[in-house]
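Each structure below appears as structure tokens.
In what follows, chain A forms one complex with chain B and a second complex with chain C.
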Partner chain A sequence: MNKKFNKLYNILCVIFALIFIAAMIITVSALPNIGDATNPTNNEVSEKYLTDSSWETGSLNAVSGMILDYRAFDTLGESHVLFVATVAVFILLRRDEDSRKDLPTRCLNQSYEQAYDPILAKSLEFLIPAIFVFGIYVIANGHLSPGGGFSGGAIIGAAFILYLNAYGLESIERFCNSRTYLICSCCALLFYGLAKSYVFYVGANHLHSIIPVLADGSILASGLILPLNIAVGVVVSNTVYALYIMFRRGGFSR
Partner chain B sequence: MNYLLNNLPEYSAVICFAIGFSILLLNRNMIKKILGLGIMDSSIYLFLAVKGYVAGTVAPIVTLAEQAAGVDTTLYTNPIPAGLVLTGIVVSVSVTAILLALTVKLHEEFGTLNIDEIIHMVREEDRRKE
Partner chain C sequence: MLFVQNIVSWSILLLIVSGAFTAVLNAKAAKYLSTIVIALVGVMNIFLLKYFLGGGESFTYSMGHYGAPAGNELRSGALEAAVSIVFCFVMLFSLIGGRKHIEEDVKGKKQNLYYISSIFLLCSMLALVNTNDLFTAYVFVEINTITACGIILAKEGRQALAASTRYLIMSLVGSGMFLIGICIMYGATGHLLMEPIREYVLTNIEPGSREMLPVQVSMALFAVGMALKSALWPFHSWLPEAHSSATASSSALLSGLVLKAYIFVLIKIIYRVLGIEVLSGNPIFDILLVFGAAAMIMGSVNAIREKDLKRMLAYSSVGQIGYIYLGIGMGSAIGIYAAAIQILVHAATKAMLFIASGGIMDVSGGSKKFKDIEGAGKRDPFAGAAFIVGSFSMIGIPFFAGFVTKYTLVSAATQLAGWRMYLAFIAIIVSTLLTAIYYLMAIAKLFGGENNSKRPEGFKFNIGYVAAIIIFIIANIVIGLNTDWLINLVDLGFSMFA
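Showing the complex of A and B:
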């Protein structure tokens, strides 16, 4: 009976998926053609961003200027979503000595620690500094070239994960433990929140900050965008590393 | 036929969405369900990203000379979908992380990832309590 029901369920699922595809393809074929400059999505809003963001915000990259200046609240929310997700995972997966005792034995027999690999360790001596420098470059040039806090932060987080796998937890926790995680994330989020919430007090359309906008294509050209990019990069790299370490062995060791 | 081929990336986004959705429905394994959710997310990004594309244009990074002389907007793609996709990626990463953490907890509790077996075990437990 149950097997028959499963078979029927599977067939119904496939039929449903096919009907869904057909209905959506009919809908999508009524949409305007891709790549047409006269499409309704390419309206005066994107025109405004493209023409004005380069001198109003000093950011040559229109996407950076958009997400960190005109729509900076959106990015503030994104950073907080990342932080809250990390905290939720931390609540679910944290293991201290007490909770370790209560766990079934099959969960304790897994070996989390990787054996020391001389090839990985030696090659990462050259690679890790290069990856860090590249990540910092991507963050710092977020307003001049493709990149920004999110991509650069992900690169730096990946470098942390590589370091952890090559040299072990003991060695990375000298400079990257739960305390530095908390201090860096909270400082970055607080700075971002304060830097942008002044808009509430001085009127909604206030684009200017204390830091001058030079708009000359240099690294300091875009005023507040560079510090905000760094804050986002710190939050993202912390999140990537913290999520990894939580799933690996249930939290920081100190 | 030409009419059908014009919106090809959007068709593939729709089909990817349906594939992800059927994975969500057909698989009993929680990890595979989460993977299906990831495929659905990615198809939405494809759909959004393709909405901002304008044929024959480049990424919206202006040059210094243009900044001084005034930007020619017909040379660049639409920057707004890029920002929207960024928001979507961040949210999907967070949701995936929380779902995976909950799955780890489920596995610790029941020793299996099969959702049918888990439901069965929960029902047995309830019956025993009664």
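Showing the complex of A and C:
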């Protein structure tokens, strides 16, 4: 009986999915054509983003100007999504010392750690600094060229994971443990939240902002966007590394 | 811009900043900080509501220097302020009332994570209530989903794990539907802010034309997505397990608040994004009406069959959510009033019942099965009183909070025509009778039996729990005695809503 029901259920699922796909295709075909001059998305909003972003926000990269200035509230929420995601994973996976004792010893056995690999370690001596520098470059030039906090943070987070796999937990714990994770994330998010609170306050009340926007194409051209990009980069790289270490070991330390 | 109008953004930003700051605190400091901040936000919103009651107009608050349509916007009115106040205070007293259970159920270092989650949960709900932008709504729907999972997971154990996995999957399907709906809506109108979308649809898209199809499909996706997340029957399968396996505060928050935030977003989309002019003659209202009526009856039928107190309350939530959808589905002004009132009333009542069920479990050896809780109302008179008041409110007896809902819903139903009126009346009558049956059965259990009024040895009442129960009881009776005031408030709120 149950088996038969499961079969029927699977068939119904496929039929439902096909109907849903068909409905979506019909809907999309009824949407205005992309690239058409009369397409409603070519309205005053996107025109404003493209023409005014470079002098209003100082950001030559219109995307950075959009996410960190015009629609900054969305991005503020988005970076806190990353934070609450790690909090939820902590709640799910973190084991305290006493509950750790109950685990079978093989779960804690060091032999499950990857063995030291001299080729990987040697080659990463050259690669890791380059990856870090590249990530920092992507973050710091986020408002001048393609890039920004999200992409640069992902690069740096990947470099942390690589470092952990090449040199082991002990050596990365010197500078990247649960304490530094919490302090870095907390400082970045606090700076982000407070800076944006100020901007929202002066913006809504039509006051003059004390943050200078030079708009001259230099690295400091865009007022708050550079520090905000750095804050986002810190949060993203922390999140990438924290999710990895939580799923791999259930905690930062051994 | 008046100074008091800043409250709408400050309450969200204050919660965001203090949520991030809680990460570096220990459990005790996190407890105090969360209590203070939530209370502060609630008091701030009372001042905002006072401004609206004193003749203030609704306003939009632009987040940054660039107003609509380029930047983000919040928008507040009397209804948003009232819902924010209720959310803040229900949150506050749910946390205070269930504190003992949080300290028992949530292990050591995870307690401050629990408080982070609850602060962000409130933050996301206030943002959902006050936002004027569809994409901002999506971002905070994400925060809401993740933190809700977090507070279910906080009580370790197989049951909570399975429940929250199921909740996460169902909830993410709902989020996905919502996101696809936003994409289609943006493709069709080129806007994400709510009022520009409505303007564009009214001026540029002819009703019944091919260009109208994407708008209608995205409306359907919004409705299905939000129905999934707010557990409208038949999408409710995740709810009983998730709400009954979590710790008492989490159950109160999930049942009392989280479901309502999503429904509020749906009301916003219907009345502000598309507007009643565009949707008139749209089958969406009839569909919501039918499913709301089905939920009212099916939720109650399932609740009667339960042998477990918290699962019974969870199924009762499915039924009560049906009342809200029935009100929305009527498509009339008074119907939506009934829905809004039910959002407020059910938040206060169901949170109280879940907190009380935590107290009942304490005096019944930690069990929530009906056979074990016999006489628990005598052992814990506060929980017993809360159950009596809550049951009377849910059944809709005059002078208790739930009566206001039933009263407005029935007067809304008399204005319907044809089969809709019969359906609404049948649903209201049958579900009221069924609700009365299972709540009275629960009360009979709580006060039945003999020689069982002795408390476990060394049992002491937690002061926070007692205070929270008393405040909830008073709130229920005060709402029940001030019917006209509440209806006038909702009337004022909707007059400045769209």
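The rule is simple: the second predicted complex is superposed on the first by the 231 of 254 C-alpha atoms of A that agree within 3 Å, B and C clash if a C-alpha of one lies under 4 Å from a C-alpha of the other, contacts with A are read in each partner's own complex, and residues count from 1 in each chain.
By our rule, a residue touches a chain if its C-beta (ideal position, glycine included) is under 8 Å from a C-beta of that chain, and two chains touch if they have at least 3 such contacts.
Everything numeric in this text was worked out from a predicted model, so none of it was measured.
So in the superposed three-chain picture, is A:55 touching just chain B, just chain C, both, or none of them (first/second/both/neither)?
In the superposition, A:55 touches chain B alone.
Could you tell me if A:130 is touching chain B, chain C, both of them or neither one (first, second, both, neither)?
A:130: touches no partner chain.
State whether A:11 touches chain B only (first), chain C only (second), both chains, or neither.
Neither partner.
Have a look at where A:69 lands relative to chain B and chain C in the superposition and call it first, second, both or neither.
A:69: touches chain C, not chain B.
Output check: A:41 vs chain B and chain C. Expected answer is one of first, second, both, neither. What do you get?
A:41: touches chain B and chain C.
Looking at A:186 after the superposition, I want to know if it touches chain B, chain C, both of them or none. Which is it: first, second, both, neither?
Only chain C; A:186 stays clear of chain B.
Check the residue A:94 against both partner chains and state whether it touches chain B (first), chain C (second), both, or neither.
In the superposed model, A:94 contacts chain C only, not chain B.
Given the touch rule stated above, what does A:145 touch, chain B (first), chain C (second), both, or neither?
Once the two structures are laid over each other on A, A:145 reaches chain B alone.
Touching A:246, do we find chain B (first), chain C (second), both, or neither?
The answer is first: A:246 touches chain B but not chain C.
I'd like to check the shared interface: which positions of chain A are touched by both chain B and chain C across the two complexes?
Of chain A, residues 24, 28, 31, 39, 41-42, 45-46, 49, 71, 74, 78, 81, 84-85, 88, 92 contact chain B in one complex and chain C in the other.
Quick check on the complex: what are the chain A residues that touch chain C?
For chain A paired with chain C, touching residues are 23-24, 26-28, 30-32, 39-46, 48-49, 56, 69-74, 76-78, 80-81, 83-85, 87-88, 90-92, 94, 96, 99, 182-183, 185-186, 189-190, 193-194, 196-197, 199-206, 209.
In the complex of these two chains, what residues of chain A are touching chain B?
Its residues touching chain B are 10, 13-14, 16-18, 20-21, 24-25, 28-29, 31, 33-37, 39, 41-42, 45-47, 49-51, 54-55, 60-63, 66-67, 71, 74, 78, 81-82, 84-86, 88-89, 92-93, 103-104, 106-107, 144-146, 150, 215-217, 243, 246-247.
Where on chain B is chain A touching in the complex?
Those residues of chain B that touch chain A are 3-4, 6-11, 14-15, 17-19, 21-22, 25-26, 50-56, 59-64, 66-67, 70-71, 73-74, 76, 78-83, 86-87, 89-91, 93-95, 97-98, 100-102, 104-105, 108, 111.
Mind listing the chain C positions that touch chain A in their complex?
Those in contact with chain A are residues 1, 6, 9-10, 13, 16-17, 19-21, 23-24, 61-66, 69-72, 107-110, 113-114, 116-117, 120, 127, 133, 135-136, 139-140, 142-143, 146-147, 149-150, 153-154, 180, 184, 186-191, 200, 204, 210-211, 213-214, 217.
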